[in-house]
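One structure coming up, written as structure tokens, with questions to follow.
Chains here go by letter, A, B, C and D, matching the order in which they are written, and residues are numbered from 1 within each.
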Amino acid sequence: MNKVTTLENAMKRVTDGMTIMLGGFANVGTPELLVEAVVAKGVKDLTVVCLDAGLPGKGAGKLINARAIKKYITSHVGLNPEFSRQKCSEQPETVLVPQGTLAERIRAGGAGIGGFLTPTGVGTLVEEGKQKLTLNGKDYLLELPLKGDVALVKAYRADKAGNLVFRKSARNFNPLIATACEYVIVEAEQIEDVGVIDPDQVMLSGVFVDAIIQG
Amino acid sequence: MAEQNGREMIARRIAKEFKDGDIVNLGIGLPTLVANYLPEGVEILLHSENGFIGLGTVPPPGEEDKDLINAGNQFATVVPGASFFDSATSFTIVRGGHIDVTVLGTLEVDREGNIANYIIPGKMMPGMGGAMDMVVGAKKVIIATDHLDKHGNPKILKKCRLPLTAVGEADLIVTDMAVIERTGEGLVLKEIAPGLTVEEVVKNTEAELIVNGSVKTIEV
Amino acid sequence: MNKVTTLENAMKRVTDGMTIMLGGFANVGTPELLVEAVVAKGVKDLTVVCLDAGLPGKGAGKLINARAIKKYITSHVGLNPEFSRQKCSEQPETVLVPQGTLAERIRAGGAGIGGFLTPTGVGTLVEEGKQKLTLNGKDYLLELPLKGDVALVKAYRADKAGNLVFRKSARNFNPLIATACEYVIVEAEQIEDVGVIDPDQVMLSGVFVDAIIQG
Amino acid sequence: MAEQNGREMIARRIAKEFKDGDIVNLGIGLPTLVANYLPEGVEILLHSENGFIGLGTVPPPGEEDKDLINAGNQFATVVPGASFFDSATSFTIVRGGHIDVTVLGTLEVDREGNIANYIIPGKMMPGMGGAMDMVVGAKKVIIATDHLDKHGNPKILKKCRLPLTAVGEADLIVTDMAVIERTGEGLVLKEIAPGLTVEEVVKNTEAELIVNGSVKTIEV
């Protein structure tokens, strides 16, 4: 199975109203070409799941500026003042999630876990609307899995079967979102023949990947 | 039907269920044979629950790797494009719905798709291993089994009597006598083995079988 | 911090009645030297968490034959007939856990997760004594985290700071148990100076490791 | 007390809390300075929540790596023995209790150890990032803060008024005026800055401070 395709082909699966998960932390490990292609396609009413709101005009920031987002599930928007500036008027509905909880909710979505108990957020605004369980005298919030329609992933190396290697702090949410979405598009800096990457050094199995484009 | 031919027919018939690119987990024993009969042009990747995708053939004597076995504790190899991971990731793949098809044997299966294949109380209690996660997580669960147990009793029951592996997860049952699909209405007899009649299959099945007039002969 | 030590030194933390987690799948990735050292120390009444019961006389099988175990938490004991043979008399109390649930419970123990919801085991004997939750019409069992006192880990390569690399199917439960135990002892085939292993290729961070012995 | 000296004193004093081999997470701003003042013979490893252990110094101009930043979006380096991982593993380390000490700033902290440091409703709402997980998970939470806010009002309160980051997680508060330990009985004044009196510190603290006669001068 050769999963390498064109940007145009990969974008066929992106449509109005869907949930997109986006890799990257302060735009390190963000697939800029894929984000630009989503913006160019002009889709609207997206739900976007991303650790942060990108930097102004970069990464998720491009989707924000394009007013393509209806709902934003994120942990931190402080690096992108343009996000806050939209606040009153056209800003997307924003759901703030603690970073560890966001990572774990995405992992749960990919791992078939129906929910998990975390001590994070107990006694804070994060509790709102959530079931609270007490086990052995300790309080936990029941957090639910997050799943998406399309994942936009940035990798350092990919083989044509979709096995991925990430580099340094550009790994972050990328391998997680790939497990939690129906259709996973990877923007890879290097594309290798199948068999070139040592199977022990694969950081995300190709089983999770659907399409690869050259970054 | 001769035991050996029956097993080969089951394996060959199941192999026809795969689509190119499928991620497949094969249980120990009869299901393992399925990999030998892939149709032309269909490539699948085998998941090994002990921690990799891309299970290959058995290594030739002398070329075994002490660190590479399959989930049945046999020395193994990997194909190009394989990837190794830890056990949590292995079951992220399983429980998270990333396995397209799993093929496994059973002690009993019933009309509601319940599966009992891991324990005979007081006699065989090795533990469930990964079977419970596998049948719950895989997109399609194919049961590969002899139609009758070694005492000649039906294994496809109205209701499982042994402790269950999972509730309502069997999608397709392939035996040496028949191919049976589980639907919302119950078990539908789709195909029968060459030389058998529908009546013979029905007689050897405890669960009611829905026959809607279009039963084919199993082609392999 | 040089974490390389002697077997004797590492074993000081192993005492009667504690919970030990053991890596390996059918004895591939099992730290045999560490198991032998535990047996030689003659500790009793252990709770052991291990995917299987080892092969006869190997891995966990050594602990079983030494009658060192009071309680055994495992997924599969079928490869070791000696385990079943002890059944009636001196066999440890045995708790059977689905393999994916066992992996996830250990991960949860290491990750500060108070419990998680899995569809695995619903409607089976595994339900017994467990809380069942229904979310969006689907039933889940609430499974609780597993933690241990000592982890016995087998690695292929370790640097002196405890960063580990595993090899092929010998990885299995090893990185998981290292996150879930107070004291983590690693038996490594190769021990490297700090800085030799590429930080991107570390499979388990040294943050989880306490002691390393030469395997 | 001069702002700059106060910050340096806070950083130097906190650095004395570390033990050799500690895994430490430093928040953005003042806490980052702590790494500059490690005592002789104490080596720590810094956790960077965006995905690694072994955060090093800022790279020299021209040697930045586009794929290597710290959690505050500054180019970074790693020390020998570093390891990279994904965000779920990063927070396995955090929430699982594998961070020995975290140092972070705050807007408010109170006598029960409650921390409020991520939101001012209607004014500053960037999101909590990893702060909530960090203070819940780290074995020891050290608050590094000016004793008074920029309007001269106490930041150590009877009860936090801003939305909380976490309940009862602050263990030690180090300010430009004092070192305060949270105990089961309440906040204990342990040390005061050179040139200050106990009364001056108490007057500038809204929360009741327990003074048990043995208040030392902060040594750095």
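The rule we apply is simple: contacts are C-beta pairs under 8 Å (C-beta built on N, C-alpha and C of every residue); 3 or more make two chains touch, one makes a residue touch a chain.
Worth saying up front: this structure is predicted, and the values here are computed from it rather than measured.
Shared contact partners of chain C and chain D, listed by label: A. Contact tally for A-B versus B-C: the pair with more C-beta pairs in contact is B-C.
Chain B has its Cα centroid 35 Å from the Cα centroid of chain A. Between chain B and chain C, the centres computed from C-alpha atoms are 29 Å apart. Centre-to-centre separation of chain A and chain C, using mean CA positions: 32 Å.
Between the CA-based centres of chain B and chain D the separation comes to 56 Å, rounded to the whole angstrom.
Among all residues of chain B, those that touch two or more other chains are 52, 78, 84-85, 88, 91, 94-95, 136-137. In chain A, 104, 107, 111-113, 118-119, 166-168, 199-200 are the positions where the chain touches two or more neighbouring chains simultaneously. If touching chains are joined by edges, the resulting network of the protein chains shown has some other shape, matching none of path, cycle, star or complete graph. Interchain contacts (touch definition given at top) occur between A-B, A-C, A-D, B-C, C-D.
Those residues of chain C lying in contact with chain B across their complex are 25-26, 28-29, 51-52, 55, 74-79, 84, 96, 98-104, 106-107, 118-126, 156, 166-176, 203. On chain A, the positions that touch chain B within their shared complex are 1, 107, 109-113, 159, 161, 163, 179, 194-195, 199-200, 202, 205-208. Note for the complex: chain B touches chain A at residues 20-21, 23, 43, 45, 47, 52-54, 78, 80-85, 88-89, 91-98, 136-137. Of all residues in chain A, only 104, 108, 111-119, 133, 135, 138, 140, 144, 165-168, 199-201 touch chain C in the complex they form.
Here chain D touches chain A in the complex through residues 48-52, 65-69, 71, 73, 76, 78, 84-88, 90-91, 94-95, 114, 119, 125-133, 136-137, 163-167, going by the rule given at the top.
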